[in-house]
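Data block below; observations after.
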Amino acid sequence: MNHGILFDHARTARIGLPEAVFCEGKPLEALSELLGQFGRGSGRPVLFTRLAEDIYAKLPTELRGGYDYHPLSRTAFGDTLPPKAKGRVAVVSAGTADGFVTWEAARTLAYMGIAHQVFEDCGVAGLWRLAERLEEINTFDAVIVVAGLDAALASVMGGLTPRPIFGVPTSVGYGVAKGGNAALASMLSSCAPGVAVMNIDNGYGAACAAARIVNAL
Amino acid sequence: MNHGILFDHARTARIGLPEAVFCEGKPLEALSELLGQFGRGSGRPVLFTRLAEDIYAKLPTELRGGYDYHPLSRTAFGDTLPPKAKGRVAVVSAGTADGFVTWEAARTLAYMGIAHQVFEDCGVAGLWRLAERLEEINTFDAVIVVAGLDAALASVMGGLTPRPIFGVPTSVGYGVAKGGNAALASMLSSCAPGVAVMNIDNGYGAACAAARIVNAL
Amino acid sequence: MNHGILFDHARTARIGLPEAVFCEGKPLEALSELLGQFGRGSGRPVLFTRLAEDIYAKLPTELRGGYDYHPLSRTAFGDTLPPKAKGRVAVVSAGTADGFVTWEAARTLAYMGIAHQVFEDCGVAGLWRLAERLEEINTFDAVIVVAGLDAALASVMGGLTPRPIFGVPTSVGYGVAKGGNAALASMLSSCAPGVAVMNIDNGYGAACAAARIVNAL
Amino acid sequence: MNHGILFDHARTARIGLPEAVFCEGKPLEALSELLGQFGRGSGRPVLFTRLAEDIYAKLPTELRGGYDYHPLSRTAFGDTLPPKAKGRVAVVSAGTADGFVTWEAARTLAYMGIAHQVFEDCGVAGLWRLAERLEEINTFDAVIVVAGLDAALASVMGGLTPRPIFGVPTSVGYGVAKGGNAALASMLSSCAPGVAVMNIDNGYGAACAAARIVNAL
Amino acid sequence: MNHGILFDHARTARIGLPEAVFCEGKPLEALSELLGQFGRGSGRPVLFTRLAEDIYAKLPTELRGGYDYHPLSRTAFGDTLPPKAKGRVAVVSAGTADGFVTWEAARTLAYMGIAHQVFEDCGVAGLWRLAERLEEINTFDAVIVVAGLDAALASVMGGLTPRPIFGVPTSVGYGVAKGGNAALASMLSSCAPGVAVMNIDNGYGAACAAARIVNAL
Amino acid sequence: MNHGILFDHARTARIGLPEAVFCEGKPLEALSELLGQFGRGSGRPVLFTRLAEDIYAKLPTELRGGYDYHPLSRTAFGDTLPPKAKGRVAVVSAGTADGFVTWEAARTLAYMGIAHQVFEDCGVAGLWRLAERLEEINTFDAVIVVAGLDAALASVMGGLTPRPIFGVPTSVGYGVAKGGNAALASMLSSCAPGVAVMNIDNGYGAACAAARIVNAL
Amino acid sequence: MNHGILFDHARTARIGLPEAVFCEGKPLEALSELLGQFGRGSGRPVLFTRLAEDIYAKLPTELRGGYDYHPLSRTAFGDTLPPKAKGRVAVVSAGTADGFVTWEAARTLAYMGIAHQVFEDCGVAGLWRLAERLEEINTFDAVIVVAGLDAALASVMGGLTPRPIFGVPTSVGYGVAKGGNAALASMLSSCAPGVAVMNIDNGYGAACAAARIVNAL
Amino acid sequence: MNHGILFDHARTARIGLPEAVFCEGKPLEALSELLGQFGRGSGRPVLFTRLAEDIYAKLPTELRGGYDYHPLSRTAFGDTLPPKAKGRVAVVSAGTADGFVTWEAARTLAYMGIAHQVFEDCGVAGLWRLAERLEEINTFDAVIVVAGLDAALASVMGGLTPRPIFGVPTSVGYGVAKGGNAALASMLSSCAPGVAVMNIDNGYGAACAAARIVNAL
């Protein structure tokens, strides 16, 4: 096999991050079929993301019975992965308006069996709210920071925690903040060292990034 | 005069903001001629901005003798305007790298005869530096905040001061922060209410905006 | 408290800018609950912004009875803050199409108890309309300028008033003006000195910026 | 010839706009060769644009003797086209910093034998300067407006003249105005009707657009 | 009036371009009120642009009876301006998909009493269609070119006509062409000299620009 | 080896496109070392691209002796690949200013042993030049079209040739055309079907794309 | 005819790429009329693209009877072109979410009578899926690669196949990937040589580009 | 201290990431002074980044004697931090052109006393090079991936390693890849889950992000 390139299929499976189905834009029938295969008790845990509430409501009742659905985060899963023995992740957000991303991260962690806690409303316009919770946040093994608009929370947090930190800019805002590009640029330019960044609204990705750390503990 | 257009020249002068000469891109001869008219003792105070050190060095020695030149801020003036009896402005910056803008604001205030103080190195990666100075900053009548990169200082400051606040994003940075657009977007998206924003690197404009407040005291 | 972080909550309250609730994107139930707490006579004045007319119409009648709602500006409040003894703000707009922003600024001022007057249809395509009102506008303590498209009004106004001036670009327009970026860039690049700028459509923020001035009178 | 497409070569020549050579980026030898062919008395008038002063200085003295070179506009020509009997074009600019574009337009008109007049320093920050000249400007057959930064002059002018009007945004400025995109967007979004726009810094193109009008008189 | 600003209202009227009402985003009641004032026989001709068919259908029947409405161009007017004795304008478009802009230009010309002719489907992917009509197009006094996607028609036309030429990029297209920015950039960069450009989809503006020429004939 | 992924190294070599060294930004010593290995007679033909003339001039004379260097295209090679028995490629450009890209494509073809011909100055501002050469161009097996500014040539050519066509936008231009984005958008939006596009200034890539066709003949 | 330009109309027809009707934005009546002319048995094969399912459903039943409609690709045709004797095209996609583009390419090939095969779900996050199919893919005469998000598949494929390769970025994605610009930039920047690129979502164009190759076999 | 803000300075020090000095743009004297304080044996280890070779060469010889300077990475330090007992980081790059970023990351790790190894030339255009090294790379505790152009390596790597992975897009490239935005967008859009991203060229930041993981081992 001396001229070959070899990737070990099984190892790829071992990257430890299970499959997820991005539902946005998929037709109802395709979703029905997929959801039909991976419900509770199927032994095949799969995470469904970006599954909007009005779409979910149109699915057959019996099918929905096999799922734990969470409207704000637009996520659904039947079974979860086995709980991890070690590792805890903090999900810190600037405001409740960022909730759809905050909870996408939290729900992905739940699905992966990773202990976590959500700290909402820590935006820098009211620094004392963050200050009160900082000591507790620093007991976690990784910190996910979710913020839109100017995303200043990522920088402030980055200067206050020694933990691995993953920023998720959100599309919350209007004018120059619309769509999340201001928040993304702000996080990437953070004056605090070692703040890593995910795509806009990518709460799922941040949970996976944190899982890569937890999986190694 | 019934078919005419008439603007009252004197009123325009009364907007209280004197002329400034933006030197970047002007040929040396044009600068020489302009500087020749408005030096110390000419009785006609004019502010020269964006006058780079290497350009200034090429001007005739006797001409330079009539000016107070400040290399970092790239500003020069002969006479200043009469000192204002009231009104003080704080210029708060994130880091020394923002100095060329910080001092352009400070020098413009100096030229306009407005009392002011510079607070450098208040970036949010080390919040305690800002915290130590906050009480003093809040004694000023207006606050100019100068910051590049994520410009998180503007939001943090906006949540901690009741004063009129003018943010100046700087072009300091690289990658997505290069040219200052990340800082600009961040300031415009500030989660703190009432933070007004100037063009990138426009320290002169921020000083003028603050002067509009001081002039009315 | 020697290892802690402490922000003085009371001082923050003293920045003099009350809380506002940005309603866009919040679910109906959340809005109902919030509106239920802060209606007329509750003693807790809160401003609701970006509360669209069709959303508001879906709220319970009795709840709506406790609010002063203004459809064009999409704002609601129960009680207002106590009227300020001093300080008046002019809100000058280019056209009626900018009304949703013009009146968001005006309503925010009304809610904060700040005297103000709206001057609409002052766009530079018909300069005489502005000229007729200029003398009166200059009697105010701060000027908010609202304009979309080329936002030339901000520059023209900036050359004609000595007052603190806050430009609000609006998202009115199409083609390159769509979303307000042309107006924003134009205002930030203003050839008139000291024109400070808010995010696109941010009438609320401009009112807060003006309030920072009025609060100090 | 019934299946064919036919363009009349001679007609194309009759579009009335002579060839121009854009010199930027062309190697010195290529420029030498081209300039060698079209000097004064060659009977073949050609306009050279974007011919920088330091480049021009490197060309052979005898070759330069055959040309009328204008450093600010970076234009050169030997012979001009025959003067037009009718038609006059006004070139109105916001400031002297726009001079490299203003004079590129003026020199192109000169080369094409079209009567014209330059009105500099008409920027809207001092509207009275424009007001004083408006009546005269309106005696011309077409108006070219050259402005950078917010380019508000194009809108103001568009509301004050019935003449065909061609806006040329300039790359003068910094921050969001850098490169001229703010000025371009502002002109394209003009609130005055019928303002046509050229590419950034394209003084040559504006002169050609005006020439299309003059050629038909 | 010696301290005042005075613009002669009558002169502005004399710029020869009548008022138009941009209807997009205006509430139904406001439109009803406006349309109620300017219908056929009112003696006050006004052009309504961007008046969508579904909106128009909701207006009272008797009110609609007073208007000449054209769904594709989304324009309505009651009376027109008096026909011009001289001057004809050609409106040349790349394809029928550009029709909403092509006909906005044509209808604006009709409303202003300017003779004109529409030449559709002249896109450069089939150059022979343009070639067949070129001679006729060149008999007009001004040429409006309407094109989306790559807008190559503006350049081709610019090289084949000596007439004043106004390009209108359209928002027709997808991917990089979506919204019309590719067409706009292409037209502004035209390799043919003297092609002037309007904002994306601004058929009304192109007609006004052409009217500035016709008005002077 | 049943769980493995296997890429055949040798097949990759068989994609038929030899290695090239992109020289821009590489230090002089690194270039010297690389050029030292692959000169004429080394039996290892390698193409060097983006090798600027002033850099090349600094290399040792004896090293340069082993290379065929072409300044305009900034390419160098020692040996070429064996000539292909079949397949001819036309390189059509809008203007001589595009020469640095046109000839990068041509030189890459030369290096790969592919017959080709360059047709310069076919820009659409003078369509007859293209028309005269069209029949000959269509005898080639693939057509590379090189154009900057509005890049209208790609669309026109795409409507006139049945051959595979690869557009290369160039960075030639200023204002909105600066850097080549206008040309790129224009080519991608081409109204002619099946025009494939390369990165800005990527003459090398276009030659490789054409080689993929020639290699299969 | 010696001063003329001549394009041979008949040759243009011979570019071998039949007409297609882009349906998006066309009113229902226009579509009805067009579809009425080109149905099965009309002898005039035409491809309709971007014909959304909900629009198609509104067309008269008898009219739909004359068409082969494919909802995912949003394409319809009556007759097809005669099958090509030679030439096969592979359509390789990253994921099923890209299906609307993948199948637009495949259906366009079907309509043009070109043999082809679709290889879905070859995204680089699971390289073994591509590896398993590589040998077969390389038996085709041209390869179309369809991918959104990071579009890494185009680069990987470009390094593994000697065939002509046409990348089609898709608008699949969110945040920075929204609208397909990330995929487009990634494909244009491909580190593999000779990957040609189409506009975002332009499956039709990729099929035409491949047809230009097949037509010459 | 009851009305104050208090941050625990010591805790901030405990985030475990030492100070770094960004040298770009700092004047020579400022650099001299800073470098004078933190040289070898000073007991105060500081990392200097973006310290260009030509700048460094101008510093006094004796001062340079106290530093370990690395030209490609543009980094200097005197003493390093104490070596970490645990934790190893892999730095994987696409090509040698990315070296200035690759080695900035490696040198930052060296300075922080963290074991690491550099794997260059793993770009996806030659997948076998990555394949050969994959098993070894996966023995590290965190993986930094450095790539410009299409940055496809980040996605490929993300699908092949279970380790925490930090992508650093580089500014290597031209056309749409110029400045690194294509690489940044590609990495943020990665189809592999949990790939976290740093600002363009931010090798220092990636090393800090990895250090946050190593510090917790």
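For clarity, chains are labelled A, B, C, D, E, F, G and H in written order, and residue numbers in each chain start from 1.
Just so we're on the same page, a contact is a pair of C-beta atoms (placed from the backbone, for glycine too) under 8 Å apart; a residue touches a chain by one contact, two chains touch by 3 or more.
Quantities reported herein were computed from a predicted structural model and do not represent experimental measurements.
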| remark: By Cα centroid distance, the chain farthest from subunit A is D
| More C-beta pairs touching across which pair, C-D or B-D? | C-D
| query | Based on the averaged CA atom positions, which chain is farthest from subunit E? | reply | H
| remark: Whole-angstrom distance, CA centroid of subunit A to CA centroid of subunit C, is 35
| task | Please report how many Å separate the Cα centroid of subunit C from that of subunit H, as a whole number. | result | 44
| query | Residues of subunit E touching 2+ other chains? | reply | 4-8, 11-12, 126-128, 131, 159-160, 175-177, 181, 184, 188-189, 193, 199-200
| remark: In their shared complex, subunit F is touched by residues of subunit E numbered 94-95, 123-127, 149-152, 154-156, 158-160, 173, 175-177, 181-193
| field | Residues of subunit D that touch subunit B when the two form their complex | value | 96-97, 126-128, 131, 134, 160, 172, 174-178
| remark: As the complex stands, subunit H meets subunit A at residues 5, 7, 11-12, 14-17, 20, 127-128, 131-132, 134, 138, 141, 159-166, 184, 188-189, 193-200, 204-213, 215-216
| request: Note which residues of subunit H are touching subunit B in the complex, please. | output: 4-7, 9, 12, 22, 24-26, 30, 169, 171, 179-181, 184, 199-202
